[in-house]
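In structure tokens below, several structures.
Note that chain A is present in both complexes that follow, paired respectively with chain B and with chain C.
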Partner chain A sequence: MHLSEGLLRPEILIGGAVVSAFFTLYAFKTLKDEDIPKTAVLSALFFLASFIHVPIGPTSVHLVLGGIVGAMLGLRAFIAIFVALLLQGVLFGFGGLTTLGINLFNLATPTLIGYWLFMLPTHKRWQKDILWFLIGFIPLALSAFLLSLTLALNGDAFMDAAKIALVAHLPLMFIEGAMTLLALRFIEKVAPTLLYQKEQHVSRMAA
Partner chain B sequence: MFRVWLLSFLCISSLWAHKINLFAYDEEGKLYVQSYFTKSSPCKQCVLKLLDDNQKELLVLKTDDDGKASAKLPAAEFSIVVEAGMGHQSQTHYVAQSHTKEEAKTLPSDTPWDKILLGLAIIVFFFGVLYWTKRKPRHI
Partner chain C sequence: MDQTQTSPHITPTTALLLALLYSSSVALQEHLYTPMLLPLLLLGWFQKESLLSIFKRLFFLNTLIAIVVLSMLWQKNYDLALLVFLRSNFILMFILMLFQGKDEFAIAIAMHRLRLPHKLTSIFFFTAKSIFLIKREFSLFKNTLHVRGFTPKTNILTYKTMAGFVGILFIKALERSVLLQKAMQLRGYCGEVYTLEEHQAFTKQDTLLALITILSLLWRQGALI
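Now for the complex of A and B:
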């Protein structure tokens, strides 16, 4: 999921950095102090997820968990993922500083879909479960698509890598969907107040 | 003198022609072997035997038409014997560079816990400072 340094064309790097910088700065500006602890915890979760590797055939992919970060933070996911990616790049060499912008764009933008899915009104248990599964599945699918698109836009030489990147993440989409569903059910059971923004949103919509 | 030289050359050439070369390496617990007589003459469908120190067979393989064969490392150290029929045989002692699956289970974890903990500490510090700068003033 992390694009390395020295790989991409400058226009892709600059484009990704500009868009990501805009969203991140806006998220920092609108961040409220009461939301900071939750943002920190989810940033730590995103940071740790990269160390959990799932063996798939001859290769292995690591967890991303962007969907749950987006569902619980909305636009503030940009801050959580920015901090986590920065530390992964500096401490472990995952990605890098020049690719931070495009990596942030590829990983954080799809999490907004996770937030939108999370905010959809649900009336039955099974509807909620399907939505919560999709919160894990769809953002990762979009991130894998954006990663493949970035590689494809980088030149014909990267077309094979683009296809592999998309296919390799296909099993992980189901794994992340299931993990997100279980995680949200667990949060709902032990700390339902963490999901309060949905209730607020739904009551606002009803009013 | 010339005839002696020519005869010697032919004999040596004949020996070279039947010399079996064996090239082996391992990567991520998998052994790769290539056997050949000359560069353009691979040892096709030759039997490869992997033997332990007591000459007990650990594994028997057969090379493909390129003279290549591969398998999971059966042990950390063993002998590789290649048999090309007609009494042609070559043997080499091999010490694996990577770990077998069984060995890997007992290896200490290579997870960089120190860096992970440092990363988590930086996250706590960063958001702590952010909270401190963003918090609303409390009026008593």
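Now for the complex of A and C:
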């Protein structure tokens, strides 16, 4: 999911950094002190998601959890993912400092769709299940698409790698969707107030 | 929690600044020069006891790079393949050796020392603390599954178990965020987190590495590619 250091052209690195900086600075400007703890703990969860390996056939994939983090944070997900990516970049070498901007754009922008999906009112069980699956599926699918697009825009020499990267993410999209659905169902069962807070927010906004 | 003491050579603040300088300079190069290896050699000497684990990690980080490089070799684009491979690995090695033995708290302290906005440094501190706590829960959960004889497989039981774990992590994280917010209010949080400055004294190795890194980026002789 992370683009490594040294792969991309300066135009893409700078472009990604500028767009991500705009969103992140705007998110910081609107961040209130009371939102800092929630942003920080969800940043920690995003950081640690790469340690949660889910078996798939003879191999395993790690979760991303961008959709669910986006669902809980909205635009503040940019800050949470920025912090997590910076820590992953310097401590583990996943991504890096020069690719931080483009990686942040590729991973954080699709999470806004997770937030939008989470905020949609649902009345029936099946509607909720489909939406919760999509909260995991769509942001990851979009992130994979953006990653491949970034590689494709980097030059003809990167086209094959772009195709391989997109295909390699296909099983992960379904795993992420299923895990998000099951995790949200678990939260609904064990701590429903955490999800109802959002529903109350929807009602308030509608009123 | 503060692993800066286990890696006394380079302070996190210097590490962060030099990582930014070296990676942004090398990533934008169309040609690489032999002097760019100098900081890697110096760091290798500083981290000689951890070199094996660093190279192991570097090997796994080369997955995407390998896909890209192999696809370029397939297209007979040898020069670009070599440039991308060397550029990526130079930067990765520099960062891995620079931050070897450092943790999230070291980065948070570095952010604070760099006098970045208080909101940002506060989030780094709270994220570091949350990572520390969630990691502990993570290993507890793994141990519990191990004791119960759970073996992960490609089946619905495994996915439900893993999803339950993710759910627990989210519930605990969100509950912790509420507690943290209350703790912040009780302690009179006014937008800033304070640290002990003595952790951050610059070392001779900081100066040496900074000089070598700057020199290596300015000295354009002995082209590698």
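We adopt the following convention: the second predicted complex is superposed on the first by the 190 of 207 C-alpha atoms of A that agree within 3 Å, B and C clash if a C-alpha of one lies under 4 Å from a C-alpha of the other, contacts with A are read in each partner's own complex, and residues count from 1 in each chain.
Everything that follows uses one rule, which is that a residue touches a chain if its C-beta (ideal position, glycine included) is under 8 Å from a C-beta of that chain, and two chains touch if they have at least 3 such contacts.
Computed from a prediction, not measured in an experiment: that's the story for all the values here.
**Q** What does the overlay on chain A give for chain B and chain C, a clash or a fit?
**A** clash
**Q** Looking at the overlay, does A:87 come into contact with chain B only (first), chain C only (second), both, or neither?
**A** The answer is both, since A:87 touches chain B and chain C.
**Q** Quick check on the superposed pair: does A:31 touch chain B, chain C, both, or neither? Answer first, second, both or neither.
**A** In the superposed model, A:31 contacts both chain B and chain C.
**Q** Just to be sure I read the superposition right, which of the two partners does A:48 touch: chain B = first, chain C = second, or both, or neither?
**A** After superposition on chain A, A:48 lies in contact with both partners, chain B and chain C.
**Q** Which holds for A:129: it touches chain B only (first), chain C only (second), both, or neither?
**A** neither
**Q** I'd like to know which partner A:158 touches here: chain B for first, chain C for second, both or neither.
**A** second
**Q** Can you list the residues of chain A that touch chain B in one structure and chain C in the other?
**A** Shared contact residues on chain A (touching chain B in one complex, chain C in the other): 31, 33, 36-37, 39-40, 43-44, 47-48, 51, 83-84, 87, 91-92.
**Q** Looking at the complex, which residues from chain A come into contact with chain B?
**A** 31-33, 36-37, 39-40, 43-44, 47-48, 51, 83-84, 87-88, 91-92
**Q** Which residues of chain A touch chain C once you look at their complex with the stated criterion?
**A** Contact set of chain A toward chain C: 2-8, 10, 13, 28, 31, 33-34, 36-45, 47-48, 51-57, 60, 63, 65, 68, 72, 79, 83-84, 86-87, 89-94, 96-99, 151, 156-161, 164-165, 175, 178-179, 181-187, 190-191, 194.
**Q** Where on chain C does chain A make contact in their complex?
**A** Those in contact with chain A are residues 15-16, 19-20, 23-24, 26-28, 57-58, 61, 64-65, 67-68, 71-72, 74-75, 77, 80, 84, 86-92, 95-96, 98-99, 102-104, 107, 117, 119-120, 122-127, 129-131, 134-135, 138, 152-154, 158-160, 162-171, 173-178, 180-181, 184, 189, 191.
**Q** Spell out the residues on chain B that touch chain A in their complex, using ranges where they run on.
**A** Of all residues in chain B, those touching chain A are 111-112, 115-116, 118-120, 122-124, 126-127, 130-131, 134-136.
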